[in-house]
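In the two complexes below, subunit A is the common chain; its partner is subunit B in one and subunit C in the other.
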Partner chain A sequence: MTHQTQWTTSIYPLLERTGPFANTGFEPEALHTCKILVIGAGGLGCELLKNLALSGFKDIHVIDMDTIDISNLNRQFLFRQSDVGKSKAEVAANFIMKRIVGCKVTPYFGKIQDKDTEYYSQFTLIICGLDSVEARRWINATVVGMFDPEDPSTLKPIIDGGTEGLKGQSRIILPSFTACYECSLEMQTKPKTFPICTIANTPRLPEHCIEFASVLEWPKHFPDTKIDGDDPTHIKWLLNTALERAKEFNIAGVTYSLTQGVVKNIIPAIASTNAIVAASCANEAFKIVTNCSIYLNNYMMYTGDDSIYTLTFPLEKKENCSVCGSAKVNLDISKEKTLLELIDILKELPEFQLKKPSLRSLKTSLYMQAPPFLEEKTRVNLDKPLMELITNGEELTITDINLPISLQLTVTFV
Partner chain B sequence: MSLKKKQGGAASSGNSKKQSAAEIRLQKDVADLSGLPKTMVMDFPDPNDFFNFFLRVTPDEGFYRGGTFKFSFKINTNYPHDPPKVLCTQKIYHPNIDLEGNVCLNILREDWKPVLNINSVLVGLQYLFLEPNADDPLNKDAAEVLRKQRNVFESNVNKSMRGGTINGVVFENVFAN
Partner chain C sequence: MQQPNTKTQRYDRQLRLWHNHGQQALENSKVLLINGSATGTEILKNLVLPGIQSFTVLDGNKVANADLGNNFFLTRESVGKSRSKEVTDLLRELNNDVEGNHLEEDPTNLINNDLNFFKKFTIVVASQLIEVELLKLSAFLWENNIPLIVVRTYGFIGYLRIAVPEHTVVETHPEQIVDLRLDSPFKELSTFANSFDFSTMTSFELSHVPYVVLLLRSLGEFRQQYGHLPSSTNEKNEFKNLIKQKMSGVTSETENFDEALSSAFRTYSPTSNTQSILQDEKISNLNLKSTNFWILAKALKSFIENEGNGFLPVAGTLPDMKSDTTSYVELQTIYKNKAKQDVASVNNYLLEILNNLGKPKDSIPLEEVERFCKNANFLRVIKYRSLNDEYLNASTTLGFTTNDILHLTVLKKKKFFYKGKLLEDLNSNVVFFVLIRAVDSFWEKYRRYPGVHNSEVDADIPLLKRCTQNLLQGWGVNPGLIQDDHIHCMVRAGACEMHNMAAIQGGIVAQEIIKILTGQYIPLDNSFIFNGMNSTSTTFRI
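Now for the complex of A and B:
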């Protein structure tokens, strides 16, 4: 049996006919026609790509900016020692295509920020196996911002997986229908930090000595250089400084790997936690695309570090979320009108009840009501005609005491 | 003038760039600072850049009454996940601020949460001037003096604020600003 018939025969009994328990709108062919994007080809990404390809997805794209490091090989099983230094996305794509005939994987070796909304629009859904808050915030804001309520095809579900040692989560973000990533920013586990006075005066742990080196001593010696956790000369300097400190206070346990771990805030990755979370994400992708069963609503947490516990719950949208909490309005206005006249028009809008709106364009403070310094600096703009301040079609951000977060106003000149 | 709900692609394209979540949140934080006390003045070297600014604190009571202390705020694009970085830009004799300008304020580090905002930090700084705390010292010598000889601490603060020298450290005159 070829690889192709192997997987098609195992998936078709599930998909070829409808049944009494099938979800309404069951769409088995969608599996073979949809295009999906996997962001990250690391610990979660390898698992995701394998699961998706073996589930019958045929058109998969994958983005990763990283190259393969020797320390990845214990869990990122699409890579071999001879691949060290090569692009994760490219090696992973080739491995999957070689192993699973008929599955096309298109790699992109670069940053998610290199791509625009047109690129992200081509996918049915996006699955993230990322390791940074910053990257997640960016892709979330981009995909949520693409949604236009009048065009259902702009709704791109995001499935987000994440792990941290023996803990993890999978969640589904349906822009404007469910909570988005930004709504839950406060749920993030915080990087471990210590009070600065403890670091400065009463160190008790090896971590205190390392933070003494990185937080207090580094800026004194290298005021213009940011610490690079991957630069061995930086880590060695910090290690030596931390060791001196540890000696002074009789503290044991400062090592090179602990120094790098503290500086980069490394939490050890556990392969099986990645497998559990990626399996959940891949199943949700399968369910969303084929509509064969009800999908996750909308957050599954998995805790494996204190016995084992999972909980699924609908995470609620945050009213003042700076990504999905903004109102959006289009305004047609003469380009001869002044900024002050625009502000007066905004104040008249009955649904917003604005009292003291502050306005910014993409890079410019047009008018700020506070603090007094900015009010004085921007006051001169009030009497200028709009055409001197903004371009046609520009999006302005308006904040006001009566808005939970902001109003995004697109101005069209007439 | 007409108003309609936004339609994707209706407006001219080419302006698809949007403000980031951090920028929107920061605009909200800054614009809501309408009730700043007289003791605090904000200064933006570039009025279009909310990621870098200064704060001048001129306490009207407590040990530091009448002096003006300047703090720099640096905020990164991962705000409000990451806290603002705040430094005191001149030497100050204070138990919770070291001679490099590092500030020991819990909400700037271990107790920062994204629900906190710029105003929370301003309130925290205000509090440091009214109630210097000898129990969480960053400048150990100053803390020691505050704990044991409150009147000596008071005269040391006065001396430092006039540009005096304490334990070999030369301070800046903060009455001039």
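Now for the complex of A and C:
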């Protein structure tokens, strides 16, 4: 047996014979010719590269903009202490190619947004091991947008994995056939935020003291510097400021670890959960490409804190999804309400998770968050009642940094 | 406060889950892996990374070319060398703090000639080991209270079984521990609640009274009037009105009143789990071999029967709530102090028990007593079924259970419905539990697995079918319950161990081992099947 076929013994029974649970279009050869993209070379990414390489995939690409941090080493097993500071994508790719002969891994040390649709269309399938909602929304919108119903080759399945502590999920997105990432945005747990008035006036928890330091005090002292959660001098300054605040109010529990946790919004992550979710994603990729078995339809969640529990179900498409559906928002609102109040209502809508929405009517810009001169020019509109700005039933366009594409909003006065 | 050291930084993301004492427990653990298969090394990878003390790989095989296809911890240069040594070397690279040992020997020899070898380990993982040796080993480990994890990866099917006489958990990590003692306030708490004079408060002040105070005062008023706690619907509405009356002076937002109304009938009495733990005969039969858990449980019981007046020790945690800073911090201090007092009382009983047992006073540190008291309402004891019982009494209990399970009653731990639909038939995966047993009896009979070579597939399907039927008949189960498609699916797999399935199993098994070693979170009781075709799983107790 030559090294190029070293993996075959563990998979050949399933590739050389079909069976009752195989899909139609059983196509084992595709495994060796297709090109796969892995987004993220972190906790899930390291696992995915190993799994895909040992499943017989030979041409794998990987994108990651991050460098290796010491806190990655408890699970990102392709990295060593001496790799700290280097590109995750590059170190991971080299490790895999050294260990598994005959598998080519092409790294890209940069952002997914650096690449265009031409780049993404070269892949048979895309697997995401990301920790950011924004990046997922971007890649989802890009890949779903590439699909042309007239041309089946433009259909690029996305397999998406995610973990948090002892919980995780894997899912398959078949653009226009299954729910897309945007369809299920409401399922995302929003990062915990605290009301500013609590932070400023009535702190109770150590977290309130830390937010006081990072949200209110830091910008006053260092208006030109963004907080870097990995810079110990930044964390120490925030810690000391939070400790002073805590002392003043007699609040216990402010620590270095909590400060870093709150500032960076750290989510616990362990090797075992990553292993489960990544292997599940790779298993789905293997089945989709070869059709050697039925595959996940289309969402599996796993929780391990109380026994072992998985739930598998088909997540349904959302008709008014802003990416794969006909997104339109209808809003009933009093004409006396101000534009600012309308914006606040929009920000609360769980299905869109807007951060800083800008609004345009057909005729003019109502409020633009950027650039600064436009923000300044449109700011006057914020306190005006809606009836002075728009007519009943008028259609507005919303754009937002969180929104992959623009959204149509119809406002009805009540 | 200094920046954390390198080790704390390295383990930061897991310490946020199981904390330093959980980490310490991992670092005291010695894991034995039988067979350095793909599944086995994936399990160890996920244990070496978080930092166990040591692992040992027991394997008599030389590395074959085929191993390179599914095992990440081998290289081309490994072929022909000892598999236990080769995988151990590459696994050790993952974490310098973990000790790795290898023993090149056929596990069967050790099991037959030197069972005491297995005594040195905290936990034993048997990967791809079958019946005869497995049962001999499991009987020995059971006697010595060493947990045994049995794992099989077979085509698209993963199987896992845990066996140890008993596993106890103090920290099950419930989402939140809310113990407010509203229905039975202690003195300091009532005094604090009564110190508020609502009549002189401004709207702002009223809107910042912690809801605990609002509830205690309203309950006090209700009791004065009725002499008991609200029970009927009318009384409950009346009680809610008492809360709402206090709201009249508030002109702005009333978040604290909303919180009060939604928590109005929150009580804290011992859960059924805790109650049955307190009734366990282990408490009345304490001896020198008793674990800390049962000694603490006895101290807890004495507390409840005396100072506690039927109540558990106060947990001492206060959830966040709308409040001004001073009231919140004072309230927090009141609960904390009471919790400390209760811990001290429990600790007194504990010292007495330790003394009677002839154990040193410091054998259970105060920190552990505190954790026990805080989690007293969420304790968990799992009494497993032994593997030997499962196999040897198959015709009675196993047969009965299997029949039941195959028909309808798979343990659905939580009923989790999405949009009202439970979309997968969970029962079907138990079929694969039966079929894993069936391929093993096929092996016993023919000394090979079905369908390993293409030429055997067609002929092996009826042979495996016969093995399955014999097995089911032996258990007293209707042999027609297993469909031909499922049998064909096992033959098709040809006993292959795909890397992806090995990795899924590696993650799941490591997760359960971590729960057992740290004594935190609740491990599986006792069997699990993962179906890698439709990506569903089933948990059942057999």
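Criterion: the second predicted complex is superposed on the first by the 301 of 414 C-alpha atoms of A that agree within 3 Å, B and C clash if a C-alpha of one lies under 4 Å from a C-alpha of the other, contacts with A are read in each partner's own complex, and residues count from 1 in each chain.
By definition in this document, a contact is a pair of C-beta atoms (placed from the backbone, for glycine too) under 8 Å apart; a residue touches a chain by one contact, two chains touch by 3 or more.
Quick caveat, the model's predicted, so the values are computed rather than measured.
Undergrad: When the two structures are overlaid on chain A, which partner does A:Thr117 contact: first (subunit B), second (subunit C), both, or neither?
TA: In the superposition, A:Thr117 touches subunit B alone.
Undergrad: Among the partners subunit B and subunit C, which is in contact with a greater number of residues of subunit A?
TA: C
Undergrad: Have a look at where A:Ser55 lands relative to subunit B and subunit C in the superposition and call it first, second, both or neither.
TA: After superposing on A, A:Ser55 lies in contact with subunit C but is clear of subunit B.
Undergrad: In the overlaid three-chain picture, which partner chain does A:Leu216 touch, first (subunit B) or second (subunit C), both, or neither?
TA: Only subunit B; A:Leu216 stays clear of subunit C.
Undergrad: Do subunit B and subunit C land on any of the same subunit A residues, and which?
TA: none
Undergrad: Mind listing the subunit A positions that touch subunit C in their complex?
TA: Residues in contact with subunit C: 1, 3, 6-14, 16-17, 19-21, 47, 50-51, 54-55, 70-71, 73-75, 77, 80-81, 99-101, 165-166, 170, 202-205, 232, 235-236, 239, 243, 249-251, 255-257, 260-261, 266-280, 282-284, 286-287, 293-297, 300, 304-316.
Undergrad: In their shared complex, at which residues does subunit C touch subunit A?
TA: The contact residues of subunit C facing subunit A are 1-4, 6, 8-17, 38, 42, 45-46, 49-51, 65-66, 68-70, 72, 75-76, 93-94, 96, 155-156, 160, 172-173, 208, 320-321, 323-325, 328-329, 413-414, 416, 418-419, 421, 423-424, 451-452, 454, 457, 485-486, 488-489, 492-494, 496-501, 503-504, 506-508, 510-512, 514-515, 521-525, 528, 530, 532-537, 539.
Undergrad: Which of the residues in subunit B come into contact with subunit A in the complex?
TA: My answer: residues 1-25, 27-28, 30-34, 36, 41-44, 47-48, 50, 77-78, 80-81, 96, 98, 100, 102-104, 106, 109-110, 112-115, 136-138, 140.
Undergrad: Looking at the complex, which residues from subunit A come into contact with subunit B?
TA: Against subunit B, subunit A makes touches at 116-117, 133-134, 137-138, 141, 145-146, 148-151, 154, 182, 185-186, 188, 190, 193-197, 200-201, 215-216, 219-220, 322-323, 326, 328-334, 345, 349, 356, 358, 360, 362-365, 368-374, 377-378, 391-395, 397, 399-401, 405-406, 408, 410, 412.
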